Amino acid sequence: MEIADLFFYLFSVMIIGLGGVVAFSRNLLHSAFALFFVLFGVAGFYVLLGADFLAMVQIMVYAGGVCVLLIFATMLSDNISQPGKSNLSFQTVLSTVAGGGIALLLLSAFENTTWNVVAPGAMEPTTNSIGKLLLNEYILPFEVISFLLLAAMVSAIMLVKKGENS
Amino acid sequence: MNLLTDTLGMTEFWANVVIMLIVCTIVFAVFALMSGITSWAERRIAGRMQSRYGCNRVGPQGILQFVADAVKLILKEDLIPDGADRFLYKITPYLCLMGVLATLVVLPLGSRAMMVADLNVGVLYFISITSIVVIGILMAGWSSNNKWSLLGGMRSAAQIVSYEIPVAMSLLTPILIAGSLSVGDLLDSQGWLPWEWTAFQTPFSALAFFVFFIGSLAEGNRTPFDLPEAESELVSGFNTEYSGFRFAVFFMAEYGNVFLIGLSTTALFLGGPNLPGFLQGNPFLSVAVMMLKTIFIMFVVIWLRWTLPRFRIDQLMDLSWKYLLPCALIAFFGQSVFMLVAHQIPAITQITSIVVFIVFLLIMIKFIGRIRTNYKEQSIPVGLN
Amino acid sequence: MFKEHTLNTTEIIDLIQKNTQIEVKASENSYDASIIVEPKDVLPVMKFLKLSRDLSFKVLSSHTAVHDGEDFKLFWNLLSYEHNLETTIESSVPVVSPQIQSVCKVWKAADWLERESYDLFGIQYIDHPDLRRIMLPEDWIGFPLRKDYQSPEGYQDIENSRSEIDKRFKP
Amino acid sequence: MTSELKTEHITINMGPQHPSTHGVIRFVIKTDGEIIHECDPDVGYLHRGIEKIAESVTWQGFVPFTDRVDYLASMNANWAYCMAVEEMLGTEVPERAEYIRVIAGELNRISSHLVAIGAADMDMGAITPFVQLLREREYINDLLEMICGARLTYNYYSIGGVNYDLPEGFSIKVMGFLDHFEVAVEQMHRLVTYNQIFINRFANVAAVSPEMAMDYNFVGPNLRGSGVKYDVRRNKPYSIYDKLDFEIPIGTASVGTLGDCYDRYFVRVEEIRESVKILRQCLQQIPEGEIQAKVKNAIKPPVGHKYIRTETPRGDTGYFIYSDGKTSPSRLKIRTGSFTGMSIIPELARNIFIADLVAVIGSLDIVAPELDR
C-alpha cells in the first residue's frame, strides 16, 4: 500500500460520510459545515491526481469563498437562534423520478465508458502550463468570462444599492 | 528514510508514516513553544510599555509563565453552555488550530531545506488554507449559543474573507519577481543584503509589503483589527464561552498566528534566512537569521497592539476594499511595468532598490528621533516622596 | 453672550402674569426665591418660560418632590444660559391623588427626572410617554421616599427583617 | 427586488456585566446585524438609596455619603454638599479653606478627567493610554493622601471649611508634579488625540447639537463639547473662582461635527490644562489663616429649600435640600451629570454601530454610582 492510497481512502470516507451529512442532516447549518469538508476532500483528490493548482483553487474559491457565503446566508436568512429547519424534503414522487433518473444516467455512463488506465505519472507543476494555456490559446474565452463575472458583480451591487435607497 | 527501511526493516509505507509523524511532532513542538513564548513576550512588552512588570514569577523573568497557564487551563473545568451545539462546540478549537498549523507546512523555519514541503504552489496553499480558520471561527461563534459570540464570529468571517483578497493580490508582486509560486524559489530570489530583499526592491514591492503586513495583521485578528475579539464591545467575541483546555487551544492558535505573521513576512519579503555567500548553507546561522527577523516582526506586531486603538467594522471594510485592494493592484501593475523596463535597462534594478532602501532608512531615522523625544520627556522627575 | 443685569423673581412673576394671565405668586422661603404655580397651570407656565424671548429657560436643571405633611411639594429648577438666569417653580399636589401634567413636551430632560420621582414618590405624570420604574425593580411595592414608607420584610427570596439579622450576629 | 429586505432584529443584553458599560448598567439593544435599532438603558443596579439615608443622618454625618455618590471625584461631591449647607446656615468659610478647597477640587478634577479619557481610550481598544494615565492619577492620589489620608473616598471637606491643613512642603510637591504632568499630557496627545484611528472612531459619532444638549440638560464637559459656553465656575462664581484666571474650553468641531464624541473628549483634555493653570495660581496666592469656621455641633437650618450647583468633573451637580428645621435634611436630591447625560442614549443610539455605542458611553463619562445614587 502506498501512502497515496491511504490518503485516497481517507478522503473517500470523508467525502462519502460528510456528503451523507449534507444530504440528511436535520440542521441546515450542520449541512453547510459538512459541505465545507466535502469540498476540502475533493481538493484532496485533486492533489492525489497531480492537479495541485486546481486543488488550491478549489479550496480557495469553493471551500473558502462559496461555503462561507452559504453559511452566512443561512445564518442571516433563518431564525438563527433556532435553526431547526432541515433540507430534508419529502416530495416523494418528484424526488424519486429526479434522483432515479440521474442515477440511471450515471450508471449507463459508467457502463459505456472504456476507462483508460494509465500509471500515475510523477507530480509535475501544472501552474505554468495552465497559465500559458489561459493567456495564449484560451485568452478570448478567459476574457469573456471575466467580463461576464464583472458585469454580474456590478449588477449585484446595483441591486443592493437600490434596496438601500428605498 | 533509508535508515528506517534498512536497519529497522520497515516497509517503505511504514517508514513514510513514521517520518511524517516525526516531522509533524517537530513542527508542532516548535509551534507550541513559539506561541507560548509569544504570549509571555506580549505580556512582558505590554508591561514595559505600561509602566508595570508583567509576569515575572515563574521561572527566570517569568518565562515559564505560559507553562503554568497551560497547566491551569488544562485542569480547569471545561464548561459547555446550555443550548450549545455540543459536537460543533467541541471540535471547533481544534479546527482553528489546524488551520493555523497547516500554514506552517510551506513556511521555512530556516533555509530552504528546512521546510516541511516545498510545494510548487506553496504561496497559493498559504493563502487558501486560511479558510479553515474562517470556518472554525464561524462555527465557534454559532455553536456557543451566545449572541455576542455570534456577532464576533460573523465579524471575523467577514473580516478574514475580505482581507484575504488584498493579501493574495499583494503576494502577486513577489511572485512576479521570483517567477514562481514556490516559497523556496521566493527565498532564492532574494539576497542577504537589505536592498536585495523583496520588500525594498522597487517602490511597488515596498507597497506590496505594507499591504501584506497590514492584511496579515487583519487576518490574524490582531489590533488594530481585533474586532472579532474586541473585549470592550463583544466581551471576547467568538471565544467568550470557551474555558479550560479548549480555550487554551484557541489561545495557542491566536499566538501561533503572530508567529506565522512574522514567519511569512520574513520569508516572503524580508530576505528569509539568506546569508552572505561564504556562509551560505550553514543551518544554524540560517535558522538564527530567520528567527531573529521573525522575532523582530513579532515585536512590531505586539508593539502595534499595545499602541493603537481599534477600527470600527465599516472602517475596517473601507480600508480593505477602498485602500488596500487598489494599492495591491497598483503594486502588481507597477511591478509588471517595471520589470518590462528593467528588461531593457538592467542597471535600473540595482539603483531603485538602493534608493528605496535609503528612503526607508530616512523614515526610520525620523521615527527613532521621535522615540528619543519621548524618552527625554519621560525622565522629568515627579518629586513626590 | 451673557447680560449684565439679571431679572429677579418679582420681574419674572410680572412677565408671566402679563403674558399668560395666570395667577402666580412668590413664596415665603428663607433661602431660594421660588414661584408658586397651581398644579393645573404648570404646563402653560412652563411653556411660556421656555419660549419667552426675555427668559428662555431652555434647561430644566432638576425636578423633584418633597413629602411634606398632606402634600407633595414639587420643584422645578430652571436655568437660562442665554440670560444667565435661575429660578425655581413650586407646586403642590395632595398625597392621596398625586397627579400632575408632565412637562416632557417642554424639556426632554424631564423624561427621566419624572420617571425617577414616579419611582420614588409615586407621582402620576399625565401624558408622560413612558412612565415606569427606573431605579427600583418593576415588581417593587411602595414608594420609598414617602415619609410613611415601611421597609419591606424581604424582596423575592432575600430576607430583610431586622430581627433575623440581629439574632444571627448576637454574641 | 423592489421592496426592501426584511430583517429580523436581535435583542442583545449589553450588561449588567459588560467591559465597557463603566459599572453596572444594562442596555437592552435591538440590533439589525451590527447596527443598533433601539437601545433602552436599564439603570438602577447601583441604587443604594443615598437620598433616603440622608433623611436619617445628621447634617455633618451625610458628608461621607457624598463621597460614595461619585467615587471618582469625591472632593467635588463633598464640596457641593458642604457649600449647600453653609449657604443655608450663612456660614462664612475662611479664605485659606477656600483656597485649599479649590486646590483639592482641581486636583481631583484632573484625576477624574484622566480616568474619563483613559476609559474612553480603553473602550476604543487602546489599553496602554489608560494605564499610563492611571499612573499619573496615582501621583495625584499620593498628593491627596498627603492632605487627608485617603485615596478614594476622601471625606476631607467639612461644613465650614476643611478637616486638615495642608502638610508642610505640599505646594512644592504639587508644583513638581505639575511640571511633570504637563509633559505627560503632551505625550498622551501624541499617543491618542492625534491618532488617526482614534479620530475616525470618535469624530462625527453621535453629535449632539447645542439645542439638544440644553433640552436634555447636558452639563459640564458634555455641554461645552456641544459648543455651549457655560461653566458654573465662571457664570455663577462660587468660592474664589472669580479671583482666578482660566479659560472655558468649548467644542470646536476641529475634526468632525459640533458636539460629537471627539469634541466632548477634547474639552476634557483642555479642562485638564485649565485646572493645571488654576492650581498654579492657587498655590501662589494661598494665604495663611484659619481653615475652619465656627459651626455648632447640632446644626438645625431653618425651614426652606435651597438648590446649589457646583461644577464637578461630571458637570453641574445640583444639591436640592429641603430642610424642616430638624437635625437631618427632610429631603435631599442629588441631580448628577451622569443621570441626565444617560437619558439621551435612547435617542443617540439609533442607527449607529454597537462599537459606536461604546464610544458614546465612553465620551459621556458616565459613572454608574453617580447615575443611580
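Residue numbering begins at 1 within each chain, and the chains themselves are lettered A, B, C and D in the order written.
Keep this in mind: a residue touches a chain if its C-beta (ideal position, glycine included) is under 8 Å from a C-beta of that chain, and two chains touch if they have at least 3 such contacts.
The model shown is predicted, which means the values in this text are computed figures rather than measured ones.
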Chains touching both chain B and chain C, listed by label: D
Chain pair with more C-beta contacts, C-D versus A-B: C-D
Mean-CA-position distance for chain C and chain A (Å): 68
Between chain B and chain A, distance of the C-alpha-averaged centres to the nearest whole Å: 29
Centre distance in Å when chain A and chain D are each reduced to the mean of their C-alpha atoms: 60
Whole-Å gap between the CA centroids of chain C and chain D: 23
Two or more partner chains touched - positions in chain A: 80
Chain B: positions in contact with at least two other chains: 154
Set of chain C residues in contact with two or more other chains: none
Contacting residues of chain A [partner chain B, same complex]: 1-3, 6, 27, 29-30, 33, 36, 40, 52-53, 55-57, 59-60, 63-65, 67-68, 71-72, 75, 80-81, 125, 127
Touching residues on chain D, where the partner in the complex is chain B: 10, 12, 18-20, 33-34, 121-128, 131-132, 135, 139, 142-143, 172-173, 176-177, 179-180, 183, 186-187, 190-192, 195, 197-198, 200-201, 353-356, 358
Sites on chain C touched by chain D in the complex: 1-2, 29-32, 34, 58-62, 64-68, 73, 75, 77, 81, 84, 86, 88, 107-109, 111-113, 116, 120, 133-137, 144-145
Chain B to chain A touching residues, read off their complex: 13, 16-17, 20, 85, 88, 119-121, 124-125, 127-132, 134-135, 138-139, 142, 145, 150, 154, 157-158, 161, 164, 181
Complex interface listing, chain D residues touching chain C: 43-44, 47, 49, 51-52, 87-88, 211, 214-217, 228-230, 235-236, 302-307, 309, 316, 318, 320, 322, 324, 330-331, 333, 335, 339-340, 342-344, 347, 372
